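Shared chain: subunit A. Partners: subunit B in the first complex, subunit C in the second.
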Partner chain A sequence: MRHLTHLRIGPIGFRVGSDWRGPIAALENLYRDYPAPEDGIPDFNVHLFAARPWRRLLRPSVHIGGDFVIPDAAPLPLAQGLLAAEMGMNLQMALGQRRFLLLHASAVERDGQALLMTGMSGAGKSTLAALLMARGWRLMGDEFALLDPATGLIHGFPRLISLKNEAIAVLERALPKARFGPVLKGTPKGTIRHLVPDARAIAAMAEPAVPKLILFPNYGFAAAERAVPPSETFVRLTQASTNYVALAERGFDALTRLVQTIPARALDYPDTATALTQVERLWEAA
Partner chain B sequence: MTDGRILAQALRDPVTIARLEPAGWTALLAIARAEQLIGTLAHRLEGLPMPGAAARILADARASAAQGRTAALWEAEMARRALAPLGMPVILLKGTAYAAAGLAAGTGRSIGDLDILVPRARFDDAEAALLAAGWEWVKPDPYDDRYYRRWMHELPPLIHRERDRMIDVHHTILPLTARITPDADALIADSVALANGLRVLSPEDMLCHAAAHLMADGDLAGGMRNLWDVHCLIEEFGVAGLEKRAAHHGLGSAVARAARHAHDLYGTAIPESWCMWDSRDPLYRRRILARDGWGRPTRKLTRLGFYIRSHAIRMPPAMLARHLFIKWRREA
Partner chain C sequence: MTRYRAAAPETLRVVPLDALTLIYHRASGITHIVDSPVPEILEVLAARPLAEPELMARLSERFELVDADAAALTARLDELVATGLVERLCAI
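Right after this comes the complex of A and B.
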């Protein structure tokens, strides 16, 4: 491919190739403090390509490919090339990851222990993880937490934090000095702006943590909390995992162990300030 | 220029990976994934000194292949239970057969759909039993359905509604429209029983099938994996009686070509007299190895040529024209 870059996020190495310079330049800028893949050998490849040679220049649209692909994935306009690269990396993880059980959750760490937050899109898992990072927690990732079946530890995947719509202004206020990517308007998920994890998140990204608490945040309701039984946690986490079936027995064993060892709480919240107080209290009690 | 040779070399002579730089490893792993040979490669290279990152990726591939094998054998068992009351021979084909029979070709191999062969006279019974056991049609299109039933060597693909796995039920190993007509009765008569009552083809017929699938059907997609199967089968069973059996099925030239290319890529031991290349072999080689260092397909024209050939050998010209016209009109 014409342009390419290498990077490592948590334990996972990527090589991203592109027909255009733009998406690679954006990645190199925002991921400039990230290390290269271990031994120079990436786990996954991402291809950003034009379906026809002339579509490089004429109404350029970015198709997302790689080692693992879904047929008929819709292309993105070149202005959203950074988003295409991020989607390409997520796709490799979602379809190709076989070492770790992939939990669709954000994760933050304190004192070597991990807090996992999972929920539907819009529940606030990225926003809360970013806000906790702003309050001194170590961000482990806003999208995927990697559960190691061999050790039961959580490995981080601190890619760029993907902020959507109202969450963008919230984090711009909370972290005025942080580095942000370009504002991407009109994406399939509305307006997106990427936030670069802080120096500590990047420096410690290879350090796993012991899971301590699982939260199911839910934005837009009066503050409320309830205990979630292991059975329900198990089902909700399998639904939120793209490789649970592929990992088979290893995945089942890892997940049953997780839900039986640590508590889970559903957390309804009306605004982020309330949520942060709730989270700190639940964490101390856990 | 990087192409499939880097993968062929690593499979053929694993110690040569000691010379690979990070960029070479990256290309090797990408191409192995694209050719669905990464599990096979992972087993071939197991235990050799290599960079930690490569070792971890290959360990994942071995675990993945092991799980694929468990799932494939379970699927075969499900089909066995569905068909057992009918008392007909059920013959496993391709990947599932290699795994079930414990052959070297099955080590680390990725296995897709379940392929089985049953006698043509019992085809309707087999179909009814599978439908009753939870398999459903994938393509409910009437033209496709009629086309499959009249001209193909298999039922339209069925998928299990709970396990989401496909089964291809064959009554012979090449489409009825192809010029070559293998002897399906002989395939069944000479098949070998496994402990659980399922059957596999005789070693010679496994080779004939692998060669027919690659050289007399299809567009050579997946050629590297197919030739690895051929390589392993010849290494395990030799070639005694193969020429005669291939001639009986009308597959003499397909088997010879497959053996030549396995020898060329993987160093398969074949008789000297089989090694003589014909004028088209270089083109086949070019097609089989057509990947770049990202694992992407290359050599568009060569591919297109083999794609057209795959249709031309599958049916006579007038029929092909009608078939393509109907397909085109439906898509337009």
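Right after this comes the complex of A and C.
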């Protein structure tokens, strides 16, 4: 590929190649403080390419490829090349990750222990994780938490935080000095702006944490909390894991151990200030 | 009479949680989430293959099933045969 970059996010190394300079320049800028893949060897390749040579220049549209691909995935306009790169890296994780059980959850750490937050798109996983980072928690990731079947520990995947729609302004206010990516309008998920994790999140990204609490946040409801039994937690986490089936018995053992050893709570919240108070209280009680 | 045999215990990982029980079936790689009386049926049938009336009798004496119902047991056995957790043995 014409343009290349390498980076490591948590324990995972990527090599991203592109037919265009733009997406690589955006990655190199936003990921400038991230290390290179361990021993220089990436775990996954991502390719951003033009379907036909002339589409590199004429109405350029970015196809997402790599070691693992979804056939017929719709391309993105070049203006959204950064999003294509991020989607490409997520796709490799979702389809190709075999060492860790992928939990579709954001994760933050305090005192060596991890809080996992999972839920549907729009539930507030990324927003709450970013706001907790602003309050001094260590961000471990806004999309994937990696459960190590060998140890039961959570490894982080602190990629750029993907803020959508209303969450963008909330975090611009909460973290006025933070680094943000370009505003990407008209994406399949509305307006997206990436937030660079803070220096602490990047410096400590290789440090795993002991899971302590699982929350299922749900935005847009009166404040309420309820205990979620282990069986329901298990079902929700398997539904949201793209590699549970691939990990077979290792995945089963890792997940049954997780749901049996740490509590889970559903958390309805009307606004983020209320949610943060709820989270802090539930964390202390766990 | 048709008898039923449970999958060998060494092919199953059974983890009782709250109200439900998780069963990982090594032979198929499928995770089953089951409610009573399925774990009890598997346990009784693990010892040796049984026909329905015997199975019902064993379940009743060992687990005090609240609504012992032959039709319901047949339905459960049919489901378990479909999942591969129980095998239907030829009635010869």
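Miscellaneous remarks
As a convention for this text, the second predicted complex is superposed on the first by the 286 of 286 C-alpha atoms of A that agree within 3 Å, B and C clash if a C-alpha of one lies under 4 Å from a C-alpha of the other, contacts with A are read in each partner's own complex, and residues count from 1 in each chain.
One rule holds in what follows: a residue touches a chain if its C-beta (ideal position, glycine included) is under 8 Å from a C-beta of that chain, and two chains touch if they have at least 3 such contacts.
Bear in mind the structure is a predicted one, so any value in this text is a computation, not a measurement.
Partner contacting the larger number of subunit A residues, of subunit B and subunit C: B.
In the superposed model, A:Glu207 lies in contact with neither subunit B nor subunit C. In the overlay built on the shared chain, the residue A:Gly40 is in contact with subunit B alone; subunit C does not reach it. Within the superposed three-chain model, A:Gly13 lies in touch with subunit B and out of touch with subunit C [touch as defined at top]. Once the two complexes are overlaid on the shared chain, A:Glu225 sits clear of subunit B and of subunit C alike. Of the two partner chains placed around the shared chain by superposition, neither subunit B nor subunit C is touched by A:Asp148. Using the contact criterion defined above for the overlaid structures, shared-chain residue A:Glu28 touches neither subunit B nor subunit C, since it reaches no partner. With both structures placed on the common chain, the touch criterion links A:Glu280 to neither subunit B nor subunit C. Of the two partner chains placed by superposition, only subunit C is touched by A:Val235; subunit B is not. In the superposition on chain A, contact of A:Arg98 is made with subunit B only, not with subunit C. In the superposition on chain A, the residues of subunit A contacting both subunit B and subunit C are 248.
The touching residues of subunit C, counted against subunit A in their complex, run 13, 15, 17-20, 22, 24, 26, 29, 31, 33.
Only residues 229-231, 234-235, 238, 245, 248-249, 252-253, 256, 259-260 of subunit A touch subunit C when the two sit together in their complex.
Contact residues of subunit B toward subunit A in the complex are 21-23, 25-26, 29-30, 33-34, 51-54, 56-57, 59-61, 63-64, 67, 70-71, 294-296.
Residues 1, 13, 15, 17, 37-43, 45, 47, 65, 67, 98-99, 246-248, 250 of subunit A are the ones that touch subunit B when the two sit in their complex.
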